[in-house]
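First the structure, in the form of structure tokens, and then the observations on it.
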Amino acid sequence: MAVFIDLMLLGMLAITALRVIFLKDLFAVVMLFGIYSFLSALIFVNLDAVDVAFTEAAVGAGISTVLMLGTLALTGRKEKTNNHKSWLPLLVVVATGAALIYGTLDMPPFGDPNNPAQQHVAPRYIQDSPQEVGLPNMVTSVLASYRGFDTLGETAVVFAAAIGVFSLLGLPKRDRAAIESGLKSHLVLRVVAKLIIPLILLFALYVQFHGDYGPGGGFQAGVIAAAAIILYALVFGLPLATHVLQPSLLKVLAALGVLIYAGTGVVSLFLGGNFLDYNVLASDPIAGQHLGIIIIELGVGITVFAAMLAIFYAFAGQAERKNIP
Amino acid sequence: MILETLSIIFLVLGAFFSITGAIGLFRFPDFFTRVHAASITDSIATLLIIIGLILRTDFGLIAVKLLFILIFLLLTSPTASHALAKSARHGGLLTMAETRDDKNKEAH
Amino acid sequence: MSFIIDYYNYWIVVFLMMAGFYIVISANNLVKKVVGLNIFQTSVFMMYISIGKVTNGSAPIVAEGITTYSNPLPHVLILTAIVVGVATTAVGLALIVRIKRAYGTVEENEFKDKDDLI
Amino acid sequence: MFEQHLLVLPIVLPLIAAPICILLMKSHLAWVFATIISGLSFFISVDLLFATLEQGVLNYAVGGWESPWGIELRIDAASAIVLSVVTGISTLVLVYAKESIAKEIDSSRHTLFYSAHLLCLTGLSGILITGDAFNLFVFLEISSLSTYTLVSLASDKRCLTAAFRYLVMGTIGATFILIGVGMMYMKTGTLNMLDLANRIAEYDGNRTINTGLAFILVGVSIKLALFPLHMWLPPAYTHAPSAVSAFLASTATKVAVYVMIRFIFTIYGAEYVFFTMDMDIILMVLAIVAIFKCSFMATVQSNIKTVLAYSSVAQIGYMILGISLVSSTGLMAGLLHVFNHALMKGALFMAVGAVFYRIGSVDIKAFQGLGKQMPLTMAAFAIAGLSIIGVPLTAGFVSKWYLVTAAIEQQHWIVAFLVLIGSLLAVVYIGRILEAAYFKKPSELTEGKTIKEAPILMLIPMWILVIANIYFGIDTSLSVTAADTAAQWLTQSIPEPFVSIPSVVTEETIK
Amino acid sequence: MLILAATCIAILSVMILALARALKADTVYDRILGVNMFGTKTVLFIAVIGFFSGRPDFLDIAIVYALINFIGMIAVLRFFEYTAAEEQEDDTAKEDRTS
């Protein structure tokens, strides 16, 4: 059954990808990209990667699609037909694909528990991490503790993206006099959105602090919380949203999150451990691990929330400015 | 046992409704009838399937989450359909009958 | 037959990667290029997740009564990679918005004509 | 108490400083702060360099988790050399940047510039220090993302398309590396570089591993702008702000060269890559084509930054040529050239930036007659240019000398000859600019205007690099010893067996 | 168990139909409708498959899907209103120029 579902989903993915190649309507391309993300997230669920599915759905289908739509609003919907056809891309792709297929021929069989990938490093994470780190969610343990340095880098990447977008697009100014925009005519929508947004924020908090026990964690929580505010901005207009959460505050928050994460590492240095060694944070190693993971997940959550929202503000601000000359 | 049977009935009905909705999405002649088909069956199928699933839980946290999903879908799905139809109408899309009228006018 | 069962997943993933890669290098429109990059990367993520799957395994979150778990390490790597992907997308799209403002077009051949890139 | 933690500091210091720069708000505060942090990293790097020369390899277990389960930081002479170059150049560029970006970047974006610069430094240091293949990818992306930002900060609109092209190519390269690392992980179950090396050695000609190697090499080649994949580099370096060009030209591609060395020599093993896969022939041919094609392209450009950019691609050809000679001398020549080229290109781009600062153009016409008007800047340009050509008593001579020696050692007479011919092309493109500067009359761009010498804050870092060029051309003991140690270490054909004894700090060592 | 598998397959086939609608649509609105239906069915699919594989505690993902689907729809609508306003402006601008 799992194989059957896997095949069906992969088939749908392949058709979607093929269709994207030939579509000229960029709006449709973006819509199909949303579907592509949803489908790949489904595949991740089917292949047991629940945390990844969580993130892919929130990021790929959510944030990326919204940003792409924002860009399309500014750049136009139609791709121009280009008569200049070249065989080179096709040639490169076929060569690369052939190399990859050649590479698959010696791959270990799909799903075999005796594969090298399942043998060497991974068993320790599966068998010992619940005792060593004390969390049921192994993905969180590995992410935040064993490979915490990767995650620090990941937070820095998000921060770097935020800086890039600030420098390219600038942040919208908080403008008291700006008229209310947004989906004015949709009354039903406005009522429903008002009902739902608090629920989403609540859910984000749950994801943030339940990430140790189930799928979720700082990154996902940050994205969901940002999504709530994005929904608010979409329905009630950017000016109102910037009144609730100021762009300059977001800048500070994004920086603060990175500092919290890196600061935890520095604190562990001063307490006599290695960088990011949470064992020394409390008297008992398990308690220390738990404390450390909660703090750094908070740091990740804050940075991601602030960076994602600020990036959205920057894009929306462009559209808004263009609207009111 | 009764719960199990009830759950089966709900799930079968839910599956049936979602398939009819999907067929409607294909077979109906214009956009507004298609929205109608899609959104109504969407809601009823969601309701049935999720109730069917709730009956299979031990009515703990999982049931609460399912209920949350149900409420969320029941709130958002019709809202989205409504807004979509509204903006289609606003954007100048006509129903089939109107298109026919227009053509008649042009013909005369 | 077992050969196909063993590898079908990787083959379709390779096809998806190449579809994405083709969009990146052949598209003339910059937004489509970015969509292509995303498809390419997402497919690579699928390859990683396939590596970690264990038949009859379950999601790597400890629960009672479950003995086989899939490998959590690829999941962790891909979580990081997804974030990197969205960061790149955001910067790329911001660049596109600026290019549109500076050149009035987002078609590669059109602005190439305008500034005779080396 | 931080002695045992020195390894992690060159990554963590700029990483913490980058968000603080944003919080500082004031441009000059951010400048002082960023320069201090970068200088601190430089001192730590030099300290690490001497430590590696004495002790060989240093390692550090992040989070206290022993490798291969946790992420291991690992530094040997090769990484320490490049790390010193990167942090050193970064410090000089930051000193130089204050005046330079005041002219070229909108004042509201200055703090963003410093922050992005520090993030880029974080990424580059991370690549150099990490001992984990996936961690390397993460740091590669940090540096790349901030590089795209830095390039796009210029006021000329062409920097946008250059940055976008760089972004697309860079992301494809990174994704290729990701595919390659995935294939290696699939067959070995580990991500630690040493562990990978040992486990890959167990396989003899496995198709998945071969493909993984191919993808990694192509991905890294995009990042280091190896010949047919170099298209992103000339526009990016031409249109970026001068300070950014100076920084990137002397660090980013060098770090990519280091990554290639690391993957070839440490992970896959030279024997496997060169004898089983015959990569040396491919690399050698590409390197020689790069030297000639791009040196020639450099001779026909009128934008001086483009000339220097093409020259960079050609010089990368020399480094790859050194690697492809498959000998410890060749590798040493390659590493030495990484070091020396950073010194020359840094100085050249800084001089060009100074010209842009005063005249507002980097066309060859703007250089006409500058020898008299900006004597110090043009003298710096001339000396660094001579170094590029490889005139004796400059650093460039030393690395070319060892390169030719290595080629002759391996009986590649033609290669040795071609290296010398390649230098002649450098004479042409550098000579053309010097001729304009010293022997031509001012063009309409500068005629009748009084042009002052560049500000002192730009001249100091420029001349530090120029003096370094001469110093390392005369007293080669430090650079050659370091490069030689690194090369010896890397070419030990059998990697030392993997010992999983971590350097976890115990209670005793702290007291 | 069988009934869950059957429901799975039913939902999967509905997803395929919705996908077909989204791939090959007469108007944009049809496409959006297809995408929306695809989204809601995905939510149900995850819920059912959670029960099918015996680990129904991953419903959080279904919630995220529902949420993102809704936000996506709103973003699309906003996009439409925005571009429609833009086109109108363009039209009036053209008229101004011609008159």
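Which chain is which? They are A, B, C, D and E, in the order written, and residues in each are numbered from 1.
To be clear about the criterion, a residue touches a chain if its C-beta (ideal position, glycine included) is under 8 Å from a C-beta of that chain, and two chains touch if they have at least 3 such contacts.
The structure displayed is predicted, hence computed values, not measured ones.
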Where chain B and chain E overlap in contact partners, by chain label: A
Chain C reached from chain B - shortest hop count over touching chains: 2
Pair of chains joined by the greatest number of C-beta pairs in contact: A-C
Farthest-lying chain, centroid of Cα atoms versus that of chain C: B
Most distant chain from chain D by Cα centroid: B
Distance between the centres, which are taken as Cα means, of chain E and chain A, whole angstrom: 19
Intercentroid distance (Cα basis), chain D paired with chain C, Å: 28
Rounded Å distance, chain B centre to chain D centre (Cα mean): 58
Centroid spacing, where centroids are CA-atom means, of chain D and chain E in whole angstrom: 47
Multi-chain contact sites of chain D, meaning residues that touch two or more partners: 134, 138, 141, 145, 148-149, 152, 179, 185-186, 191
Chain A, residues touching no fewer than two other chains: 50, 70, 72, 100, 104-105, 107, 115, 117-118, 121-122, 125, 147, 150, 153-154, 157, 160-161, 164, 168, 183, 186, 189, 196, 214-215
Per-residue overlap in chain B, given as positions that touch at least 2 other chains: 72, 76, 79, 83, 90
Each pair of chains that touches, named by its two labels: A-B, A-C, A-D, A-E, B-E, C-D, C-E
Footprint of chain C on chain D - complex, ascending: 134, 137-138, 141, 145, 148-149, 152, 157-158, 160-165, 167-168, 171-172, 174-175, 178-179, 182, 185-186, 191, 234-235, 238, 301, 306
Touch list for chain D against partner chain A, complex: 2, 5, 8, 12, 15-16, 18-20, 22-23, 60-65, 68-71, 108-109, 112-113, 115-116, 119, 122-123, 126, 134-135, 138-139, 141-142, 145-146, 148-149, 152-153, 179, 183, 185-191, 195, 199, 206-212, 214-215, 504-505, 507, 510
Contacting residues of chain B [partner chain E, same complex]: 7-8, 11-12, 14-16, 18-19, 21-23, 25-26, 31, 34-35, 38, 42, 45-46, 49-50, 52-53, 56-57, 61-62, 65-66, 68-69, 72-73, 76-77, 79-81, 83-84, 87-88, 90-91, 93
Complex contacts: residues of chain A adjacent to chain E: 1-2, 5, 8, 12, 15-16, 19, 25, 27-28, 31-32, 34-35, 38, 41-42, 45-46, 50, 53-54, 57-58, 61-62, 65-66, 69-70, 72-73, 77, 182-183, 186, 189, 193, 196, 200, 203, 207, 210, 214-216, 220, 224, 227, 230-231, 234-235, 319, 323
Contacting residues of chain A [partner chain C, same complex]: 3, 6-7, 10-11, 13-14, 17-18, 20-21, 26, 29-30, 33, 36-37, 40, 43-44, 47-52, 55-56, 59-60, 63-64, 67-68, 70-72, 74-76, 79-80, 82, 84, 86, 89-90, 92-94, 96-97, 100-101, 104-105, 107, 109-113, 115, 117-118, 121-122, 125-126, 130, 136-139, 141-143, 147, 150-151, 153-154, 157-158, 160-161, 164-165, 168-169, 213-215, 219, 304, 311, 314-315, 318
